[in-house]
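Take a look at the structures below.
Shared chain: subunit A. Partners: subunit B in the first complex, subunit C in the second.
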Partner chain A sequence: MDKNISSKQVLNDMISRHYAEALEAKKSGELVAWATSIVPQELLETMDIKVVYPENHAAVLGARKDAPVFLQNAENNGYSNDLCSYARVNIGYANLKESAAGNIPMPDFIFCCNNICNTVIKWYENLARELRIPMILIDTPFNHTFDVPEHSVKYIREQFNHAIGQLEQITGKKFDHDRLKEVMKISTETARLWKKATALAAAQPSPFNGFDLFNYMAVIVCMRGKQEGLDLFKFWAEELQEKIDCGEGPWKDQPEKYRVMWDGIACWPHLADTSKILRKNGINLITSTYPDSWTIVYDSDDLDAMARAYSSNYANRNLAYGTGNIVQIVKDFSLDGIIYHSNRSCKLMDFRQYEVQRQVHEQTGVASVIFDGDQTDPGAFSLAQYETRIQALMEMMEQRRNERLSRR
Partner chain B sequence: MVLGIDIGSSSSKAVIINAQLEILGKAVFNTGAGTQGPEKAVLAALREAGISREEIKFSVVTGYGRMTYDKADKQITEITCHARGAAHMVPSARTVIDIGGQDAKVIRLDKDGKVENFVMNEKCAAGTGRFLEVMARILDCSIGNLSSLSENASEEIIISNTCTVFAESEVISQLSSGAKRENVAQGAHKSVAKRVAGLGNRLGLTPDVVMTGGVALNKGVVAALEKEIGQKITVVENPQIVGAIGAALYALEMAS
Partner chain C sequence: MNRIDKIISALEEAANHPAKAVKASMKETGKKAVGCFPYYTPDEIIYAAGLLPVGLWGGQTDIKLADKYLQSFCCSIMRINVEQGIKGMYDFLSAVIIPAYCDTLKCICDNWHVAVPQTYLIPMVYPQHRKIASGMAYLIDEYKRVQKELETIAGKKITEKDLEDSIALYEDYRETMRHFTAIVSKYSKTLNAKTRHLIIKAAYFMDKRLYTIKIKELMEELKRLPEEKLDGIKVVVTGILAETDALLDAFVQNRMVFVADDLAHESRQFRTSVRSEGTALERLAYRIADHEGCSLLYDEEKKHGQLLIDLVRENHADGIVICMMKFCNPEEFDYPIYKKEIEAAGIPMLYLEIEQKMDSAEQVRTRIQSFAEMIKLGSSSKSTIG
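Let's turn to the complex of A and B:
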């Protein structure tokens, strides 16, 4: 990788290329899949199928302020305003097929895994039905137990086998199991490097802020099984390590005063505002529960390991895991506070958020705040209310820090 | 002498205190952010204290309008200021319920009276002063008389909509079906109480529970809220100026 350019430039080029290549592939008659964000993409990569991720695309449209027209279109066509805004943006896009903020090719089939939520099943079923294309579904039952039970592993593995058959039928090609092992190896390595890079935020000060994390996340979502994804995270980790060695923090013009975690998805349409207000208060968002969802690591190279890994996404695991995960993050990253995004779109995340907040507070005593927003619907967010809550969080963190200092 | 200013969405409050923590001047104007209210409140407080602006050593502004008010030395959120003001006035307070014009918050204090945690209403007017204002308008009574109107309630009425706009049409339809104004007024108080109790129960309501903010002047809401949470609520004197008192206390600390 050319070291004269930054990893951020490489990242931006990669994302542009990812979408451009997918559009080009479609034009030249190659098959394109639309997939949910944490699918066993290894199966598609093995078959050399171009994949685009509607959730990532919806986030892009949201961040580039082009979501409203698609939200409105979906609602005009009878989809409720109460549905997930990623779903509404994508359903609107599937109908309009054109955005000034960036396009994706229309799919030849749908690849859906419900380890992130169950809305995706109906959302993707509707797409498949409306577009008259096949749908492959991997159903990952919610883990009520702390670890993934063996019966779920068996159930998911059999679905992988079935999906492989469906893919062979759709493509007319034989599935290459040796190639799958190679892809799994690259994916695991990419995920490890992603984890390694993001874990560098534990340094004090952290070499980056979490809004970078949200940007780099696009590659772990879209290019986890590709060598270039692996190379990028290796490069980013080296870059961050250099910053740590020089004692550089997230910003050149101000120090990192407080370190916080963000629970949930970003407010893409208000990314700049949400970030600026944190920075104004000296708050660095250093980590989040959300990007770690793509740390898909295999303990072996078989389908059982893959089944276990894809079922282990935190959104698919029980309350004890959800709470324990955040408690560990608070310790590992020496956090001063937590920001919980009560995301109107994500009923799954909201469902247990208050209880997670209560338990994490009980176990760590760390200051926290909940604010209302939405991942892509710009109307479900109030800047003044966000600012008051963030400032109050800063005041709580400041007061605790002063108390700690005065006790010394 | 220092000044605390609390600029809410529907009223402006100013308090001047001295180093002995005595209140020398206080004022409340029923117009809030974006109006002349804050300035009028400051001038009235100065007048009552009998001092000029130059004699103010430090000032802190709080409330929804704090960001746009550029005459104060420092701005602090209403969460921190209400907590400070309430803990100063009622040292045994562990929970502060503050219902203002456009938001409702429940704050848990630690044993030193500092903010331990807080919850606020979601971004809608349910459970806030604005909801009561809308109800008062439909009932054709002033916001100040809503409480006394509810004292004569004879029958329980439930307003089931939490959305203020929907609740408005629900109440209009109840009135047109013959519901008594007094009963509707009590129903409105109960609606606010249920919403705020929901917030409080989420946080945990450790006694003593103190109520601040303009809505604390409404005895009907306080009674309904006490019933909902099953606890006695202490309403401080001049509940509207608690945030401004908290701001003034911070100003005093920062001036020294």
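Let's turn to the complex of A and C:
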């Protein structure tokens, strides 16, 4: 890779190309799939199918402030404002098919995995019905136990075979199992490098520039099975390591004063506001539960391992796992605080958040606040409330720091 | 009081006072009770263990303690269940089964361990790929796991014969309930919307064998009566459930008769039979596989709308009433799809957003009244109150 350009530039180019190529592919008659964000993309990559991720697209429209027109369209068609705003933006987009903020090709089929939530099943059912296209579903039963039970692994693995059959039927092509092994190798390596790069935020000061995580996430979502995704994270990790070696923090003009984790999805329409207020206070957002969510690493190259990996993400695991995961993050990244986003769109995250916050606090004493917002619906967020909560977080972090200093 | 009134009032009493009814059933049968969260639980296995399955579909309790765990935009049934659990109202149950059909239910399972540690939880997952072999196999494995838990609680092994007997009883119950809901239009005054609801609801708090006998007796008695002239409005009602009292009273006041329902709390529990082939657990798994038109079960063909249209046609209904449980995402996602189909079919539709605990039913009452008037006027041109 050309070292005169930054990994951020490579990232931006890659994302633009990702969307441009998908649109081009559609024009030339290639099949396009829409897929959920932690889908076993290995199966699609093996079949060389162009995939776009509606969640990522909705986030882009949200960040570029073009979500409201699609939200309105969904509402006009009977979609309750209570529903996930990614779903509403995407369903609105599937209807209007045009956004100044960026377009995606319409799908020939959709590929859904409910390891992130059951909401995606309903959302994709509706797409399948409205667009009259086939739907492939990988159902990953929610893990009440800490680990993935064996009968779940068996069920998921057999669904992979079922999905392969559906893919062969849709594409008219034979599935190449050797190619799958290659894709699995690249995917797991990409995931490892993603984990490695994001783990570098543990350095003090952290080389991360605040909200970088949310930007790079696009590639781990969209290009996990591709060599270029792997290369990017390698490059990013090198870049971060260089910054660490030089003792460089997140910002050139001010030091990193506090280190925090963000729980939940970003408030895309208010990205600038939410990050500015943190920066103003010297608060560096260095991690979230995302690095682990896309660390889809298998212990062997078979479908059982893949089944286990795809059911093992944070959102599909029980409270004990979720809490333990954050407690570990607090320790590994030497966090001063946690910002919990009570995201009006995400009931699965919200309805455990109060208890997670309590348990993490009991186990670590880390300062934290919860604020109300939404991933793409601009209306659910109040800047005044956010500012007040961050102010409260500052005071708690300050107090805790003073207490620790006085104990020394 | 005549015999019919006596039976009905006993069932209404059970529906209106669940805890009392369950405790009476426990005493009468000598059984321990197991709470069953919405929407489908393996009641046949519970019954086969010699235990009493009890439905937990919220109630009328004020929400305070549950706010420690759940934001206000969580569905009222689940907030109330957690509230009642924390308050110790379920302490007399030997366990509760919480199936993770939706994201909210997943979270309720997790919170339950912490919030209601005194009431033993058996979490369960039903497969969404319920029609393919691997999904069926997964469900049977889940049934086996739950069966073991129930055997421990009951202190006895469940035999294949126990399961078959229990399934036969439940099939009888389901068939009886289908007959019952079918005769409502013939006795629309006696079985008005509220009474009908309470009679069906009572099943959740009584032993199914004894309950089924009561319903059969009621129907025998009704058959001796002359049929009642139906001069109200015939509707099909859909949603999770149709409560509160104020809501039901408004239906009765406006002479709206529930000629059929697609409520998760009512007909979705008994409209689908088990298949005759297979082992007992396979037969139970087939019932989930064959069940259609429920927002909680994966259906890429979205048959919900056609099912509602068919119910309207078969029962010569005047319209559809949607009791949309506020914050219920699966139901909210189905709505835009079936709305379009129902509109295309020219069927009048009334959309009501409900919560189990409604501060004021005034708005709902007004809308029910407007809809009733609109149907009476026969204006089909603009036929949706949405």
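One rule holds in what follows: the second predicted complex is superposed on the first by the 405 of 408 C-alpha atoms of A that agree within 3 Å, B and C clash if a C-alpha of one lies under 4 Å from a C-alpha of the other, contacts with A are read in each partner's own complex, and residues count from 1 in each chain.
Here, contacts are C-beta pairs under 8 Å (C-beta built on N, C-alpha and C of every residue); 3 or more make two chains touch, one makes a residue touch a chain.
Since the structure is predicted, the reported quantities are computational estimates derived from the model, not experimental observations.
Visitor: Which holds for A:158: it touches subunit B only (first), subunit C only (second), both, or neither?
Guide: second
Visitor: Looking at the overlay, does A:135 come into contact with subunit B only (first), subunit C only (second), both, or neither?
Guide: A:135 contacts subunit C only, not subunit B.
Visitor: One more residue to check, A:171. First (subunit B), second (subunit C), both or neither?
Guide: The answer is neither, since A:171 touches no partner chain.
Visitor: Quick one: name whichever of subunit B and subunit C touches more residues of subunit A.
Guide: Residues of subunit A touched, subunit B against subunit C: more for C.
Visitor: Which partner chains sit in contact with A:241 here, subunit B, subunit C, both or neither? Use first/second/both/neither.
Guide: Neither partner.
Visitor: Quick check for you: in the superposed arrangement, does A:384 touch first (subunit B), second (subunit C), both or neither?
Guide: A:384 sits against subunit B, while subunit C stays out of touch.
Visitor: With both complexes overlaid on chain A, does A:215 touch subunit B (first), subunit C (second), both or neither?
Guide: neither
Visitor: Is A:354 in contact with subunit B, with subunit C, with both, or with neither (first, second, both, neither)?
Guide: After superposing on A, A:354 lies in contact with both subunit B and subunit C.
Visitor: Identify the partner contact of A:395: answer first if only subunit B is touched, second if only subunit C is, both if each is, neither if none is.
Guide: first
Visitor: If I apply the document's touch criterion, which positions on subunit A are contacted by subunit B in one structure and by subunit C in the other?
Guide: In subunit A, positions 342, 354 sit in both the subunit B and subunit C interfaces.
Visitor: Sort out for me which residues of subunit B touch subunit A in the complex.
Guide: Checking each residue of subunit B against subunit A gives 64, 67, 76-80, 103, 114-115, 117-120, 122-123, 202.
Visitor: In the complex formed with subunit C, which residues of subunit A make contact?
Guide: Touch list, subunit A to subunit C: 77-80, 82-84, 87, 114, 117-119, 121-126, 128-130, 134-135, 137, 139, 141-142, 144, 151-152, 154-155, 158-159, 162, 318-319, 342, 344, 347-348, 350-352, 354-355.
Visitor: Which of the residues in subunit C come into contact with subunit A in the complex?
Guide: Counting only subunit C, the residues touching subunit A are 68-71, 73-74, 100-104, 106-111, 113-114, 123, 125, 127-129, 132-135, 137-138, 141-142, 295, 298-302, 324, 326-327, 329-330, 332-337, 339-340, 386.
Visitor: Can you tell me which positions in subunit A touch subunit B when the two form their complex?
Guide: 342, 354, 361, 367-370, 372, 381-382, 384-385, 387-389, 391-392, 395-396, 399, 403
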